[in-house]
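Think of it as A, B and C in the order they're written, each chain with its own count starting at 1.
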Amino acid sequence: MNAKTSAKSVGTNSKTTMGNPYHNKTAQWIAYTLFFLALAAIPFNVDDDFLLNQLATYGVYGMLALSISLCWGFGGILNLGQGIAFGLGAYGMAMTMQMQTQTAENPVPPIMLNNGLDYLPFLWWPFQNTVSGLIFAVGIPTLFCAVFGRIMFKARVSGAFFAIMTLAMLSAFYTIILDQQAYTGGVNGITPPSPLQLGSFQIDPYSPAAYWTVFFALLIATVIAKLITQSSFGLVTQAIRDDAERVRFLGYSVSSYETTIYTISGLIAAVAGCLWVMVVQYVSPAQLDVGLSISMVIWAAIGGRMSLLWAIIGAFLIQGGQSYLGDAFLSTWLLILGGFFIIVVRFLPNGLASLVEAGLGMLARKPKETSFREPSGVKPVPSE
Amino acid sequence: MDFGSVLNALILGVSIASIWLIAALGLTIIYGAAGVINMAHGALIMLGAYSSYMLQHYIGVPYLLCIPASFVIVAIIGLVLERGLIQYLYDRPLDTLLATYGVSLVLVQGVRLIFGSDPKYLAVPEIFSSNISLGFANISTFRVVVIAVTALLVLALWILFYKTRFGIQVRAVMQNKEMAASFGINSSRIYMMTFALGAGLAGVAGSLFGVLNIVLPTMGDSYVVQAFLMVVAGGGTLAGTVIASGFTGELQSVFAFITNDTFARFVIFLLIVVFLRFRPQGLFAKGGVRR
Amino acid sequence: MAGLLEISHLCKSFDTIKVIDDFSLEVTEGTLCCLVGPNGAGKTTTMDLITGRIKPTSGKITFAGEDITGADEHAIARAGIGRKFQVPAVLRDLTVRENLSVAYSRQTNPFWNLCRFKVPGLEQKIDEISTLADLTHRLGEKAGILSHGETQWLEISMVLMQEPRLMLMDEPIAGMTEGEIEKTARIFKDLRKSTTLIVVEHDMGFVREIADVVTVMHMGTLLAQGSLQEIEADPRVRSVYLGEQEAA
């Protein structure tokens, strides 16, 4: 299916864009394949369980950056409240994992008992069963995005205004989770005592199994997101980013498209939230902190919001750099990061990806390039 | 519930409102005049607190003088910020939002590197640390000072914007930049001045908040979102922000009286989102102008 | 024969100013109607009201027997009304080909479009329209770099891609060269065979060339309607519109 579309676009593109492999769909898919092959090689070369665990968390961050790139880069919707979907997904997973360790004799988790609640509240009921727990963990945030998005976009709230509204919503969730200690564990959050149990199989956070779970989730999310951007839907979404008003007069319900892309992005973030708890066995209101949600935007911005792949790479680079430098240099690192972010916003709106794009463009313009050489970087974009 | 505690909650509401308001004043000016969503506002508030701390701790300036001094210092910082960065981004509202967030990261981390993460304290004259009782109600003297300073600033801003030549120029630029330019108004200079003024107001807020709370590099973070909601709900006008802050302050105080403080904040956030859903232009703005 | 588009007693006020005042108009299927009138007569506002960009204060608009008064923009577009704006509005960050693809909006459901990667008939349609508009060599370019004339053509092409039953063209030849204007006239006359058009235009030469019916608006009301000869003979029109134009 894709082979056909890409073959077509190669023909049309090469005439006009001087064959920059960056805009070539086949080359893009090859770059994505190479990227994921590299990620798949990691568990075979890493013996350190802690490192593998940490790399798995990067995969989760990568998914978050991907979701932002989809919503902001392609849909033009700046969402500063992605922590809502991420956090609610994470809480859902933590509740599911917590309930897995509760027994018939001891059905009420300690956070409730410690807060003077001696029965399981209604809110927790769906999470008693693992399957329904997982469905609710992903479903509730997705439903929230669909409803909130519908309300906002129908009222034509957009741009910076929408960003502020998502921030307000995020702050609202943050405060309520912090406040309802008996239900959410308050500031301490929930720390499920044992790893996620799927049937008879236990996913130990420090095992390759956890890494592979995150890997496949990221792979599937990326492929789906990439296909979305190449579909007719993706094209209309990009048109809306360009000029929403004009697109309405072409017969498209702009609010439906905006709601859909926002909800899909939220769904990916919710799955990322579940995986995050699977990998770190912990959740707290910090996952709904304003700073984290804006960090997601920073990852995508520095990597290149218009490129799914580069948004993921942005998350890897920034979070990787942060843990590599360690807590001792955290302040310095954040200082540099802030400065770098300012420079990117001011001079490189498409992030590092635009450097790669320019580089490849220069290569392609050189005489007699063997037309199919795909170096490391590539991105998807309004290429066709 | 008895009458006294309700009255107390209402008076406390005025105090909360003044805090919301003074945090939002600078933002209102900047957003109202230039449409800039200044995410660095919290960091500027923090800088105001640290300026006061430095003046007091190293030079021994009396607290009451620290307040105007903070205004000047932070206004100068704002001026530099506007010239160095913001002026290039006026036609890209989303990018200003992000770039100013980057600025706030840099400022907060810079201060943390210099002063460390341990809290600092601002000392105030003895008379401010007492309580005043007004019949049923009881309120700390310093909160009265905050209310007074806020009222004074609102009055000064009102005079500035509605009674002076500068104010007319600002409002002209707000309405139509090109038209104002054709009347010889230098809009770039107006933006620069308003940004500096807004930053200076954040500095004043900081030197007051530094007394109400402790002085920390991250102390400003929690004010940005709240302050912004006040500005947006008020439609970006001075009167709008005053009324929005007044309402929310009272509401929060009443809700906090019925439930608790955190839950009250949750309700306020939710109410504002609902309000803006039905009135996106805020309290006092004209109908939307399209293309 | 009933009109394809029927506007009856349409009123629109902004604050207290009546911009459109009891305006009625009927457009017969298969005709080309030119809407003329001095600046501020309410021509573009009428377009806005028909396409749902603004909602009327009172009155009724029917399209193909369906009441579209106050409907959403996209619903009206789907019903079969395409519009070219006065200030050419194209998707500047997308290529010409992408602009045309988006405009080919037979399927507007977001969920359906999520699973569509190839649109049947799109390529032929793009070939056909871009040849007509002389944009074939520009298909791969970003719409933002096109010249003013080309941008006009692109937007007209987008309306054609929509295959609407009624096309609203707001000042389609503004900024075009003589040759381009002639070509536009030729194409419009050709289009009239299969669709219905309402064209807002100031250029009376162009109007003379293409119009079946001319509608004159003045101060938000219908001043006169008829063939160009009738209109030109109408003393009221002379005083209000033609006179004014000669003076200007």
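The rule we apply is simple: a contact is a pair of C-beta atoms (placed from the backbone, for glycine too) under 8 Å apart; a residue touches a chain by one contact, two chains touch by 3 or more.
What you see is a predicted model; the values in this text were computed from it and never measured.
Novice: Report the most central chain, judged by the distance from each chain's C-alpha mean to the global C-alpha mean.
Specialist: If one averages C-alpha positions chain by chain, the most central is A.
Novice: Could you pull out the chain whose C-alpha mean position is farthest off from that of subunit A?
Specialist: Centroid comparison gives C as the farthest chain from subunit A.
Novice: Can you compute the centre-to-centre distance for subunit A and subunit B, using the mean CA position of each chain? Integer Å is fine.
Specialist: Subunit A and subunit B have C-alpha centres separated by 33 Å.
Novice: Report the inter-centroid distance (CA atoms only) between subunit A and subunit C in whole Å.
Specialist: 43
Novice: Roughly how far is subunit B from subunit C, going centre to centre by Cα mean, in whole Å?
Specialist: Averaging C-alpha atoms per chain gives centres 48 Å apart.
Novice: What residues in subunit A touch two or more of the other chains?
Specialist: Only 245 qualify.
Novice: Under the stated contact criterion, what part of subunit A meets subunit B in this complex?
Specialist: 78, 151-152, 155-157, 159-161, 163-165, 167-169, 171-172, 175-176, 178-179, 245, 290-291, 294, 297-298, 301, 331-332, 334-335, 337-339, 341-342, 345-346, 349
Novice: Using the touch rule from the top, collect the residues of subunit C that touch subunit A in their complex.
Specialist: That would be residues 51, 53, 72-74, 77-78, 82-83, 85, 89-95, 97-99, 101-103, 105, 107-108, 110-111, 113-119, 139-141, 158, 162 of subunit C.
Novice: Mind listing the subunit A positions that touch subunit C in their complex?
Specialist: For subunit A paired with subunit C, touching residues are 1-2, 4-5, 12-13, 15-17, 227-228, 230-233, 235-236, 238-239, 241-243, 245-254, 256-257, 260, 382, 384.
Novice: Could you please specify the touching residues of subunit B with respect to subunit A in the complex?
Specialist: Of all residues in subunit B, those touching subunit A are 37, 85, 88-89, 93-95, 97-99, 101-106, 108-110, 112-113, 221, 225-226, 228-229, 232, 260, 262-263, 265-266, 269-270, 272-273, 276-278, 280, 290-291.
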